[in-house]
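First chain written, first letter: the chains are A, B, C and D, and each begins at residue 1.
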Amino acid sequence: MLLDENTRVLVQGITGRIGSIQTKYMLEYHTNVVAGVTPGKGGMRVHSVPVFDTVQEAVKETGANASVFFVPAPGVLDAFYETVDAGIRLIVVVPEHVPVHDVMKMKEYAKEKGVVALGPTTPGLLVPNLGKMGIMPASLFRPGRVGIVSRSGTLSYEFAGILSDHGAGQSTVVGMGADPVVLTNLVEILRLFEEDPKTEGIIIVGEVGGEQEEMAAAYIKAHVTKPVAAYIAGRLSPQGKRMGHAGAMIRGEKGSWDGKVAAFREVGVDILRSPIEAGQWVKAKGLTGA
Amino acid sequence: MRLQEYEAKEIFKTYGIPVPEFRVVRDPEAALRAGLDLGLPVMLKAQVLVGGRGKAGGVLKCETPEEVLTFSEELFRREIKGLVPKELMVEKACEVEKEIYLGCAVDGYEGRPVLILSKRGGVDVEDVFRRHPEKVNKFPLPIDGGFLPYQARGLSKELGFSGEGMLSISKVIYLLVKVFYEYEALLAEINPLGVSSGGDSICLDAVLEVDNAALKRIRANLPNPATRIENPIERKGREIGVTYVDLDGDIGIISSGAGLGMCSMDIIGDRLRPANFLETGGGITEELLYRCMELVTMKPNLRAIFINVYGGINPIHEGAKGVVRFIREKGLKIPIVAKALGNRQEETWEILRSGGVEVVEETDTESAVKRLCEILERGRS
Amino acid sequence: MLLDENTRVLVQGITGRIGSIQTKYMLEYHTNVVAGVTPGKGGMRVHSVPVFDTVQEAVKETGANASVFFVPAPGVLDAFYETVDAGIRLIVVVPEHVPVHDVMKMKEYAKEKGVVALGPTTPGLLVPNLGKMGIMPASLFRPGRVGIVSRSGTLSYEFAGILSDHGAGQSTVVGMGADPVVLTNLVEILRLFEEDPKTEGIIIVGEVGGEQEEMAAAYIKAHVTKPVAAYIAGRLSPQGKRMGHAGAMIRGEKGSWDGKVAAFREVGVDILRSPIEAGQWVKAKGLTGA
Amino acid sequence: MRLQEYEAKEIFKTYGIPVPEFRVVRDPEAALRAGLDLGLPVMLKAQVLVGGRGKAGGVLKCETPEEVLTFSEELFRREIKGLVPKELMVEKACEVEKEIYLGCAVDGYEGRPVLILSKRGGVDVEDVFRRHPEKVNKFPLPIDGGFLPYQARGLSKELGFSGEGMLSISKVIYLLVKVFYEYEALLAEINPLGVSSGGDSICLDAVLEVDNAALKRIRANLPNPATRIENPIERKGREIGVTYVDLDGDIGIISSGAGLGMCSMDIIGDRLRPANFLETGGGITEELLYRCMELVTMKPNLRAIFINVYGGINPIHEGAKGVVRFIREKGLKIPIVAKALGNRQEETWEILRSGGVEVVEETDTESAVKRLCEILERGRS
């Protein structure tokens, strides 16, 4: 899902320390990385991948149609517009600490242009044995039929690892991004999983705060036919100090562990109290095997 | 980062939002001088970064010099939701006829700014939100500025104001939105905005929370967020670039990623008592994990440390070196259990084991916590 | 043209010194002024015209569908957006000294929303014996068949007065506005005159600087069938001190009296060397009478 | 208002655009000190607000202290397109490999900002515009900002640069556009931008022209535009809010509206010699026309005054009072012909006639000028 045989990956910030090593890991996982971009470094090669000054050139020369970002946080907004304007419609924004006002602009632009964008602060996207865009450690993943969507990067690895150990592979693993505003909401990822013929069950890895899970519950009730389980991290996390009253108005009572679990339970989503329970769940639902 | 009320008011004032005259003081004598200087009556307001300060007794009105002295002595001793104020605002008391609520915030789900207005504001505003949602107006704002005065006028009309009141409130709404954009705020709030019988508006309490990720490009002198943290370990965490939250247990936690950190805390919390929450973010180095060990062990009476990290973006083998170096240098004796998976995991395990760390090879946190419990049980028996 | 029997005029800034007296003049000319707006003054009346706080209310209560501005220059941008967003599609911006960057924004918004806007720094619009929006002194105008479009306010009065004296009335007199950027270009006004059945000949009153006349000449050649005469003020004006080179690049050799006159002559437009020649021109073209 | 080169460069510098080190001096001794301080060779640049300064000899390179002294003495005396510089810039000379042109301007007809780039810049850039338009890139900008660094990179690639040169030029382009928006400029220009063999960029000459109508809201300390006007009558005109242009004839002109003013000047100029152009704008009062009379009569040897005004937005009857008051107070004897039409014209005529002004009732300026000629003929004979 999202990433397939026709995906031609561009790496932005490829000459940086992280961009370079992660490109190596992506190539080792047989991802079709066709180009890199670092302004001013056009003409270089990184792990044999040709580097360009601009996304436009990279697209023109290599037919890149998806991009993963390892650019510094203050440069993400600029790179995002550049990438969208060059015609790319799948973007993975790995960096953390991108200013929220930038993310809001990017989210609106993505919606306007029909772009699917993950992040910021995402480990990216991985389709086992096909490729990955981002930083997910490949050894934990196996091909299979369970879709995982996670707000947390490391917890997506944890769940994939547990599933793999229990004989249940993954169709696609999606890191949504851990920021208060993410470029693509959970509901939208669930829609993609519901439509994806290779996905037969879905695990949602959520956490306290925000209202992604509450909105997802409503969506699941109306539109999702596949079995869904959910884990919510932060059951015992101390409540943050409240800042002003506007949050209460925007979110009402949303955001708590209890509220999210109740919302999911009400629409028939199975609640996992600990990641390890995902192992039992896939067995119970017959989702093991490739 | 949330600013103190007086910092927010100073900023609002430079934008032209009317605020009462005030002084910031650090002892009762200064409070008295400020009170006499401003002219009584005055309000004393504890400067603490928590909500519900008024209900918790952090705001007192003084009619006489004696009250200023006694009440300020009282406030400098009073704990408000766990925090004792170091500074008080002494503010000229204002006569107002109405109190309304104005807030400008990021709607995280929709990913856009939203303006929230209520014709009833003040300490009970959340009750209004809950019980009378029809009294509250929510107005989505354009993503990148472009909010115009006429829109503010329309909104202040909708709040039921006309004439001078409509003009003064719409001016405040417009300027509050301007502050919100120019300070890249997560929240800019005036609650209450007092409106006098003549239609003048005045900002009686102010909240401004800015995005730490945007601090460097905001054209203003803002304090270093680390200086805002009361707890010394949390402050130190902020300084080295990790998120540390102090808890009251005795099992130290180091994790990469907030989700994995919360998950570790939840699982440990079912059987033991976490001493902290610590997440490294994506910048692990040998030095960083050395400092994380330092942070976690600042807590007295620690029984054990639980490390839970993934090698995705993080070079966990580098981090492992920092852990082991710390154990050796400090001669740390308490049990340390580590789950470390992903890129270069075998190398990581080897390093950790060389420092006496108990490495769990299972993929799930549950098993690792179980191992920790076993070790602690064994130690006790 | 533009203003007709169905036009219901709103006056913005009606309670100001100029707004109030000009409203009186407009009413004396039987203009259908239905409402005024001054924020904070809602509920008042000015020369019996009801005043509202917002344009939205004024439109709702009175069906106003055209607006003339007497608001202070720094408030024009705000008032313009308010007026367009309230659904009004004909706007006359009388004030001078509106910042150019504001005018650029207004011009784009007008284009996007299909608004005809005159100004800034315009005397407005007058249809003899029917009404006027703006500040044109009514005594100089007579109904007839000649359309006048002028970059200069006072010169539009001069030409109307001369025509009236020579027995040639006016169909519509349009002040384009004297600023370096105007909300509606000359070409667009010429298009309206060409389409207007009541207009049988057109007088263009231009001046040195800019390229309105040069662009108009090209348009006339391709699209205008009615007789056209043009006067260009500033034949003897000393050339302004040149500021940088960008102007030369944007405008090339445009902007001079000679250049404008040559452009018009080339497409068959009659050149008037002095306003008084307009009297002879209307007689020669048979454009006298009502 | 156009700023002096050094003022523009100071602003550009605060935005991060590299400019050579410089000093501003008002006499040759200061020039010498500055030259020695900066290190030779230096450029001496006359600070005059005209184009084509370089071709007119206003920029000189000095290799020795003696040259600094002699050349600066020379420049302080040299008239450049009618202006003698009061200030010189002494600027460190730079070695560059290429000179390109960057300009950001308002396209008046389209009503939008436009960025203009040419890979050949310098004093001959207008020749390039004319002869090699294919070497010049024009790029329409968004109306309300939103120009992004990546677009600047794309443009600097199109200019044929790569590597460090591409990065440094794109940074300058981006920052120049930022200055253009934030200063509400009519023109922001760097010509030439020098590019060194290592790819560094440096702004060698700078133009910044801001919109006087926006001055009050620009967040910066800019000089009062009136102080920029060399001619004392023109400066005084600016101070009272009218446009006065000094000419070399002897017939004073006062008109309402630039068009009518130019028309009056054109018609008068065919037979007589205008002493000035003066247009009042839409703010006529008794006081303003009194002051306009004062302005016009500052010119020695005036033969007559021609007044041409319309009562549209202007209360011309008020203005007439000012004219008459001036005539009476100063006992002005020269002939004054007035054409004054529109609202309250009869009242106006009566007032003017009471002061001995010859009022023309015809609607056309031609007739009024004819009357003026007749009167002057009569006076001569």
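Going forward, a residue touches a chain if its C-beta (ideal position, glycine included) is under 8 Å from a C-beta of that chain, and two chains touch if they have at least 3 such contacts.
Only a predicted model underlies this, so the values are computations on that prediction, with no experimental measurement involved.
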Hop count on the shortest chain-contact route linking chain B and chain D comes to 2
Maximum distance between Cα centroids and chain D occurs for chain A
Per the C-alpha means, the centres of chain A and chain D lie apart by a whole-Å value of 56
Per the C-alpha centroid definition, the whole-Å distance linking chain C and chain D comes out as 27
Flagged in chain A as touching 2+ other chains are none
For chain D, residue numbers touching 2 or more other chains are 144
Among line, ring, star, complete and other, the chain touch graph is ring
Those chain pairs meeting the touch criterion are A-B, A-D, B-C, C-D
As the complex stands, chain C meets chain D at residues 18, 22, 25, 73-74, 94, 96-105, 107-108, 123, 135-137, 139-140, 150-155, 157-158, 161-162, 164-165, 178, 180-183, 185, 205, 207-208, 210-212, 215, 231, 233-238, 241-250, 252, 274-276, 279
Note: in the complex, chain B contacts chain A through residues 2, 49-52, 81, 101, 103-109, 111-114, 116, 125-126, 129-130, 136, 138, 143-144, 181, 184, 186-187, 189, 191, 207, 209, 211-214, 216-217, 245, 247, 255-260, 262-263, 265-267, 269, 274, 277, 281-282, 309-313, 341-343, 345, 362-367
Per the touch rule above, chain B residues touching chain C in the complex are 148-150, 153-154, 157, 162-164, 166-167, 170
Per the touch rule above, chain A residues touching chain D in the complex are 39-43, 53-57, 75, 77-79, 81-82, 85
